[in-house]
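Below you'll find the structures, each written out as structure tokens.
In the two complexes below, chain A is the common chain; its partner is chain B in one and chain C in the other.
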Partner chain A sequence: MTLLEVRNLRLRFDTKDGPLQVLDEISFKLEAGETLAMVGESGSGKSLTALTLMGLLPPGAIIETGEVLLEGRNLLTLSARQWRSVRGRELAMVYQDANSALHPLLTVGEQLAEAILAHRKESPSEVRKACASALGEVGISAPEARLDAYPHELSGGMRQRVVIAMALLARPKVLIADEPTTAVDVTMQAQILELLEHLRAKYSMAVLLVTHDLGVVARAAQKVAVVYAGRTVELATTKELFQTPLHPYSVGLLRSAPSEAAQSMASVLAASPSQGPTQSPSQAPARLFSIPGMAPSPARMPVGCAFHPRCPFEVARCSRERPELKAWRVEVPSNMHTGLVTATSRRAACFEQERVAAAAVASRTGWHELEQLWLAKMEPRT
Partner chain B sequence: MTEVLLQVRAIGKRFDVGAGRFQARARASIQALSDVDLDLASGQALGLVGESGSGKSTLARILVGLEQPSKGSVRLDGVELTTLSRAAWRPFRKRIQMVFQDCAGSLDPRQSVRSALLEPYRIHGLYSARERDMRCMELLEAVGLGAEHWNRFPHELSGGQRQRVAIARALALEPQILILDEPVSALDSSMRAQILNLLIELKRRFHLACLFVAHDLFAVQALCEHIAVMYMGRIVEVAPTGALFANPLHPYTQALLSAVPFADPQVEQQRRRIVLQGEPPSPMDLPPGCAFAARCPTKHSIDARLCEGDRPLLKGCDETGLRQAACHAVVTQGSQS
Partner chain C sequence: MIRAALRHLAGLVISVVIVLAVSFALMHAVPGGPFDAERGLHPEIEANLARAYHLDWPVWKQFLQYIGPFNLGPDGWLGTGADRFGGVLALDFGPSLRHRDYDVADILAASLPVSFQLGALALAWSVPLGILLGTLAAARAGTWLDALLRVLTTTGIVLPGFVIASLSLLVFAFAWPLFPVAGWSSLRHMVLPAFALGAPCATYVARLTRSGVLENLQLDFVRTAKGKGLGRGAVIWRHALRSALLPVVAYLGPASAAILTGSLVVEKIFFLPGAGTHFVNSALNRDYTLALGVTLVYTVLVFCLNALADLLASFLDPRVGGRQES
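Presenting the complex of A and B:
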């Protein structure tokens, strides 16, 4: 059985200016021991989905349809009381900002103890032991001594580790990490991702990783859900998505990630460190690609496919009908070098996904043409 | 080589901790910067990267006069800036401008775009009212905004648009030098690319000298010809951007580059990754030798006592002197080959 499944989740806020449809059919599946990344721009509904999964919706949020199934049990029908036994124990969350997730006036030990005592009764000495071992597990040195430290006495990276330790206290089946590395710098990011990976493998925990950084996705996730304007537009394995994106939004997203630089850098780093300094001229900077236009606001959602005003593959149908997220049989090259083509089943919400797939494959060699097409489309509008 | 506009020599900065209204003597001091040298040339951008707390922003603030260095010199066209009085600074403000990370915080919420852009002219008493308006329109256009944004307030703009206004305001006095402190790190990826493209274009158009402070290496790569890597208040490596990415010399730079995740799962699987263990030393109690020694993975390939006891200096590592690194291991390697 699937560990966690989100099915057609729709959520809106009623405001005095009318309803705001913020989630419009979010769907994905998460299996035990796997990391699924949810990617999209800010405002696309990623964090709100995470909060729905934790039963922590802000007041005024109305769930219209959809199910959140944890081992077959629909969490959306739970009472506040029932939620208490699920939250933290079966699903736990790591927030983006470790600073505000920790209470500044309580020691790390007190805060960890609170999380343990919320779920079970234990003697103070046992609780202290459990807290120390939790800190040790996330790689904090001298955990006993750190129990009496206040959050401000720890570095940013250590605070994030404490927050992760806290989330893991009750051994949740699913860990939701909402942008866990956005507030930290690259070296710390590498450590945190390594830690999450280690814990996932050790406890065969499922991880839902909310992020907008495709580098993080490539490093840490096995599967990806691409969301745009509150809707899942593509579901794929990480490898599939990066090789052949099927939704035009995914194509643009991948293209705006700095991967060419990555390629040249990676080939060097993968090899053994080269000997001595090399000379290379400083090159003139080239323009970066970004998808033209802006993500729509939930107050003014386009009719049909929400992406059609920014999409270079738009056809007449796109501004009338909304494409469903469904399984397609597509032929994609399975090996770039031999040109071998295999048919696989993929899920994307686009009428034109075969054209998109073909263009995505072609764009690996001739991106320039697709970029021109994209820019040309936007010109008359701006 | 283009002419050097801004020359920074042996800058050091110490912050005293604990001294305050009720305590006259400082309890401790933090060494935020030590012996920092760098040059900015017109039309060239220098990227300054390093982890948080490495002293990048402090250096940026010293260059625009927001912070006094404890020692060292900053010269603009040969004029020493660090000893200038507030009044004497003013004419130089026209030539050095800064863009901050938090554009929501650097714009007055009660000031319209127009008024924010006119302010620099008012302060410096430049141009007639008509000419000011005309210049402001040109500025708005240069940063990709239009007449419709003229009377808007910051809360009516998106994050990217606010950053554009902040950039326009920094350009109002036609500076020669632009100091950019994490100008894109608060923006999400598509907005980030747009602002970087704008900066690339403006730098070319106005022949600006830029110092780009960031922890995002890809952003730095997009704009800068040269990169300086900082660790614990010191520059540990300087190199042309391409050379630094292709062949990082300092072990810290190697670790930093290997930590950056690439948007390619195949590359991610194959690449050699150096994950640094431990935390950086406390800036209140820096070790006598190399500040990176305790975390350094290559320290053991040479005499570790050298690294722990003797602080390596930034030295040229090739014939041109364009590549510099502060590491005992690198220098040893170079002299052998």
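Presenting the complex of A and C:
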């Protein structure tokens, strides 16, 4: 059963210079017990989507259309009072920057206690016990003593754990983790991801993981929603996405992932990527690919497919019509077998899915051709 | 803690010395003297007076005499007991040069309690009310309540004290005689002056609080608080207001020193025997000793109240002072 579904969410800000369309049809489904990663560049609308789910949009944001269904109930029609019982208890959020997400003048214990007391009455001693055990659960040693500490007395990793503990206290059904690993150092990232995975399994929560890091996706998520310019451009399982991306933007993302992600990718893919026969300087192993061009700003969104100015697969149609996010019955070359299989569960917003998939599969024997294609596309512009 | 206290004390001593030296120099640099009058004195009388108060000495010597517990006069450093300058270090501020038969200490002892009581009363109503109204305005930002409060606070800031004092007299003493017009004998006498004295403070605190709360409402930790499912009241009063109080506390240090030492305007209008009057008059009259005494009290008060504000801030904000980073 679908626990949380976002359907065609459109959101804009009205500014002095006219409306800014920041979310333009975000859609995805989150099943109970699974982790869905929402991937995209910064500014693509990932965090705004997360805030919409929590009902924490900044003033001025206008939801034009769309539904956020939590167990069939549309959250966007809730009153302020109803929202209060949803926040924290049904949906809880782990914030990106634990340093600014915690109140500097309140102790950890005071802030944790609120997460419980906002939803049910309990005696102070019980609350304290629950808070201490939540801290223990996220791997903080001497939790009793930490309750009386102020946030600035904790290390960055510990603060992030406190934020996770706070989100868990009211036992939410869905945990929204907004870039939970960006503000902590690399060694801590793996631990935080493991912790989230452990807690997801233990409390059978569903997790929406917002990230720009494909390494994190490969490690932690079963499904992926790729977001570009405020729009879901591809929905797939992690394995499918890493095998045969159907959207050119996904291809570019995978290509531009740094080595750590590439390794995770390699472990997802059975085939080992080998270099093409013609070794060009641009293929030196240390060099990182990046998708040429810039993500469009909401103020100047291209007509048609938002990605077409950067897309090497562009056809005439792309600059006129916008491709729907839909299940194209494409035949994608399977990784496991040599033959073609029909993918029906896949959804991508691209007219040229088959060409993209074919190129992506072909590129496993060397990115070179794909990269050349990309460079050729950008040349007349630069 | 003790180290901090010692550091504060050293700072106090240094600033008192500097303030006294500068004020002393300025007072003596201004033309005219304490015994100038429309009808000139006989030169011999003037010379006698000058001798009695050591005004014939060079300024540096007068300053040392004023500060030090030593007697620099012709009778040796212990003096004969006839000289009335004991020096500030001996807690003797000397005689007033204009109020005959009064020592500066007597004048201060008579007037400061009045100013303190009035100031304390003014602070007691204006600070809590300012915080309350500021938070309300922030919570209802953009509504009619916010607009009304903005008009009120702007009025409170731009209206000079004498206008507020006169208007309140006009309304609450004449048009609608709830309170006595002037005098100083009961709590009822204090109401109108305390209102006039506290009004600017209340409006300023309200504005500080409003902008602080509004600013904090944009911050991530407030979003966290909402994300827990806390109601708007808890978010504003517990999370946003708490950190908005820090600038208010910082403002209150010097502001309360000014209020506690009294205001010339309010005291003149309500005929109060407070210390504010002496601030202005002693300087105008070249009453050197009284002017310096008043300045000294004000300096010490500013210093102590600032230290108190720091202490309060460190209670509010655990990142400041006392607590150790782990």
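FYI, the second predicted complex is superposed on the first by the 341 of 382 C-alpha atoms of A that agree within 3 Å, B and C clash if a C-alpha of one lies under 4 Å from a C-alpha of the other, contacts with A are read in each partner's own complex, and residues count from 1 in each chain.
The criterion applied here is as follows: a contact is a pair of C-beta atoms (placed from the backbone, for glycine too) under 8 Å apart; a residue touches a chain by one contact, two chains touch by 3 or more.
These figures come from a predicted structure and were not determined experimentally.
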- Message: So in the superposed three-chain picture, is A:Leu11 touching just chain B, just chain C, both, or none of them (first/second/both/neither)?
- Response: neither
- Query: Looking at chain A, does chain C or chain B touch more of its residues?
  - Reply: B
- Query: Touch check for A:Leu102: first (chain B), second (chain C), both, or neither?
  - Reply: second
- Task: Quick one: classify A:Leu56 as touching chain B (first), chain C (second), both or neither.
- Result: second
- Which partner does A:Asp185 contact after superposing on A: first (chain B), second (chain C), both, neither? first
- Message: In the overlaid three-chain picture, which partner chain does A:Leu196 touch, first (chain B) or second (chain C), both, or neither?
- Response: neither
- Query: For A:Met93, is the partner it touches chain B (first), chain C (second), both, or none of the two (neither)?
  - Reply: second
- Message: With both complexes superposed on chain A, which partner does A:Leu214 reach: first (chain B), second (chain C), both or neither?
- Response: first
- Message: Just to be sure I read the superposition right, which of the two partners does A:Ala134 touch: chain B = first, chain C = second, or both, or neither?
- Response: neither
- Query: What is the contact status of A:Ala349 with respect to chain B (first) and chain C (second): first, second, both, or neither?
  - Reply: neither
- Note on the structure: On chain A, the footprints of chain B and chain C overlap at residues none
- Could you pull out which chain A residues touch chain C in their complex? 54, 56, 80, 84-89, 92-93, 95, 97, 100-106, 111, 114-115, 118-119, 149-150, 152-154, 163, 166, 170
- Item | chain A - residues contacting chain B, complex | 41-42, 141, 155-158, 184-191, 193-194, 212-220, 238-239, 242, 253-254, 256-259, 261-266, 268-270, 273-283, 285-291, 294
- Note on the structure: In their shared complex, chain A is touched by residues of chain C numbered 219-221, 223-232, 234, 239, 242-243, 316-319, 323, 325-326
- Message: List the residues on chain B that touch chain A in their complex, please.
- Response: 51-52, 158, 188-194, 196-197, 200, 215-218, 221-226, 240-243, 245-247, 249, 254-268, 270-273, 275-276, 278-279, 317-318, 320, 323, 333-334, 337
